[in-house]
Amino acid sequence: MTETPAFPSRLLRGYTAFRDQRLPQESARYRILAETGQRPRTMIIGCCDSRAAPETIFDAAPGELFVIRNVANLVPPYDPDGEYHGTSAAIEFGVMGLKVRYILVMGHGRCGGVQAYIASRDAGPNAPEEPSAFIGKWISLVAPAEQLVCESPEDAAGRQRALEFASIRQGIENLRTFPSIRNLEEIGEIELHGAWFDISTGELHILDQATGRFEVAKG
Amino acid sequence: MTETPAFPSRLLRGYTAFRDQRLPQESARYRILAETGQRPRTMIIGCCDSRAAPETIFDAAPGELFVIRNVANLVPPYDPDGEYHGTSAAIEFGVMGLKVRYILVMGHGRCGGVQAYIASRDAGPNAPEEPSAFIGKWISLVAPAEQLVCESPEDAAGRQRALEFASIRQGIENLRTFPSIRNLEEIGEIELHGAWFDISTGELHILDQATGRFEVAKG
Amino acid sequence: MTETPAFPSRLLRGYTAFRDQRLPQESARYRILAETGQRPRTMIIGCCDSRAAPETIFDAAPGELFVIRNVANLVPPYDPDGEYHGTSAAIEFGVMGLKVRYILVMGHGRCGGVQAYIASRDAGPNAPEEPSAFIGKWISLVAPAEQLVCESPEDAAGRQRALEFASIRQGIENLRTFPSIRNLEEIGEIELHGAWFDISTGELHILDQATGRFEVAKG
Amino acid sequence: MTETPAFPSRLLRGYTAFRDQRLPQESARYRILAETGQRPRTMIIGCCDSRAAPETIFDAAPGELFVIRNVANLVPPYDPDGEYHGTSAAIEFGVMGLKVRYILVMGHGRCGGVQAYIASRDAGPNAPEEPSAFIGKWISLVAPAEQLVCESPEDAAGRQRALEFASIRQGIENLRTFPSIRNLEEIGEIELHGAWFDISTGELHILDQATGRFEVAKG
């Protein structure tokens, strides 16, 4: 590649809008949180999906949310010798370094990662070679969630959603395989939560951990 | 812990504000992007830091940004057999599945991950045992960036910023170790960019890949 | 002194009671908070007085309260070059290191420190030489609080209490002279509170910062 | 911040529990000690750490312990013109005003203050500027204790504990630089003691001043 490309104009326009409109109202927050360090009370493990941005959905101010985003908002089980260090390192940073109080595993509808898992599962061994070097392995983390599916709808869309729900339940279970998290939850110093965002309607569904069901958020 | 905790009230209030104010203006976007699928043109690899949310800084609408967030916005080098699958899987998903046109490696000032790398590097062998099971290994990905430091300021804050800059340059180099990305960039189908957000002033510094310098965004 | 004294038997008995009765119920908290580090959400600046122990009065579990205790629960004004580093260092440690959310200045009735200040003030310049090398200087920190006295009771006991109240108000004002605290309070990340414990009745009086009055705690 | 925040609910609940359960059993103690004044026989110089509350560990009743708490339970050397008046004033108040018989310097494991001292010592001149205005100076009081380290363990945790022990020895030495304390100890009117609390196991280690060793408390 010879000449270097200009910075994407859409991003530049977006930044200018931020700088001229929102920044003036929050410049104090930015300056102060730069000087004193961030102190978020909530960590969110969300999906990279462009339609499910936690700061947008929770109308968050700078400094409020420590956000990990990977494909399908997956939480690997605790495995210090394992292959999923990126997400586990971020979880550890939030729990030990930032001492967050709340951890939210946040899924969403029509998740491409969950869809890819279902496709490869259904295609089975005769499937055409997966051209992927990484995705296939990563989404295999969804598999254990199959055990936690509660609903059994007729249609494929419903079945995918049931697995999206189950994967959030599984993510919370996996968080509990981290000794520090399990221990801090045991003494009431950390709370684990689950939620699912319906990207087509904007509804937020909250996991009721007593019933295992997801209920539409009131309020 | 026996009884299940209520959903954090701050998050619920934030969601209600989103649902009552922003959602009505963007419900069409959400509905249509749910039906047709997301088609973001930009992938951002950013940091989990609560003060550096890409959607906020780029004033992004739902569907515009595919966002990966890990500690210190690191891009692992291409390594199909390696240990950093989470981020690599998301990069692959964005490039192959979503066909993004722009990839932005976005760092920020006073990054706790870079700071932790510097501290462990300087502490050396006498350092107290790192109680971390994951962070230490993850931030070791910063090390190669030391070669790409351009500035040599007097003070520690300046030295950290110089390494934050270098780590962005390294991230872009690492993106080019992915065969698909290198090839697509070569034929002008993908552009790689770097930026650094000053969390104390809200200034965006853009990497000029011709000079290797970061310049404050005009516009 | 020749032979070394045995450890005070009263303390030993007290520890044995703790070890045999309370520790078994809280051993998990101790072990977990040792492994993960403390994460108190409240910092209390209290008096050394033996009748006003914060953990007792707030029935606190291990790990809940970060507690500074000095004579008359005084908060020195911010003065990096000044002489009161002990308390200021502890305040800084709680705010910056532990990221506490609440700071409570807690006074109490019949405070010997406030009493000593009043005695030396009333004795005036003709007072017999204060034999104290430190106390006189330390309690001089009470003086500015005279401006914040609201009540004007007849009797000496009432006047001392009014000054104890005022000294708590002054302590909160002095906390606001710490740039980090003033800033974090401004953006709602830290709350400052005041309370006064009546050691003769066990009543807790809470400062209503809207009216400046102390009201008996309900609940 | 405009509106005044409500008193933290956790503290209010804790006070209510104290008022309804413990206070009724000790109301006589509180009333009498209010009328006659406090007469604690023991002064404890402890750490602000939320996991090392003296009243809890010694199961103390109201009026028993006069408690000074600062970061790392440090005793400054006698220095009437010096900068550490807060702690020295409290020591003087306890010895001269309250006529305590026992002075206990009480340390604990995994002390953040001692850890901060070690970190800054090891980081050396290359260390990032200490953003602290007070902590750095305060913990420099730990330095002389390096001379009194007896153990030389392999691991960092053990080395920190050895320094925590030494700092307690140093604190007792510093108490003896106060003329009144040195004199009163000489004629057997005051006893100086040291102890170290293991926050992970709840074990109390008592300093044997004949051997200089810390032994687990029996009894």
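Per-chain numbering from 1; labels A, B, C and D assigned in written order.
Just so it is clear, contacts are C-beta pairs under 8 Å (C-beta built on N, C-alpha and C of every residue); 3 or more make two chains touch, one makes a residue touch a chain.
None of the values given here were measured: they were computed from a predicted structure.
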Shortest chain-hopping distance from subunit B out to subunit C: 2
Separation of subunit A from subunit D, taking each centre as the mean of its C-alpha atoms, in whole Å: 44
Whole-Å separation of chain centres (CA-atom averages), subunit C against subunit D: 15
All pairs of touching chains, each written as two labels joined by a dash: A-B, A-C, B-D, C-D
In the complex, subunit B residues that touch subunit D: 115, 118-119, 122-123, 126-129, 155-157, 160
Parts of subunit A lying in touch with subunit B, wherever the complex brings them together: 1, 4-5, 7-8, 10-19, 21-23, 27, 30-31, 33-35, 37-38, 40-42, 48-51, 53, 55-60, 62-71, 74, 76, 78, 80, 82-94, 96-97, 102, 104, 109-110, 112-113, 116, 131-135, 137-139, 185-188, 191, 193, 195, 199-202, 204, 206, 208-210, 217, 219
Complex contacts: residues of subunit A adjacent to subunit C: 28-29, 32-33, 35-37, 39, 63, 95-96, 98-99, 179-180, 183-184, 186-187, 189
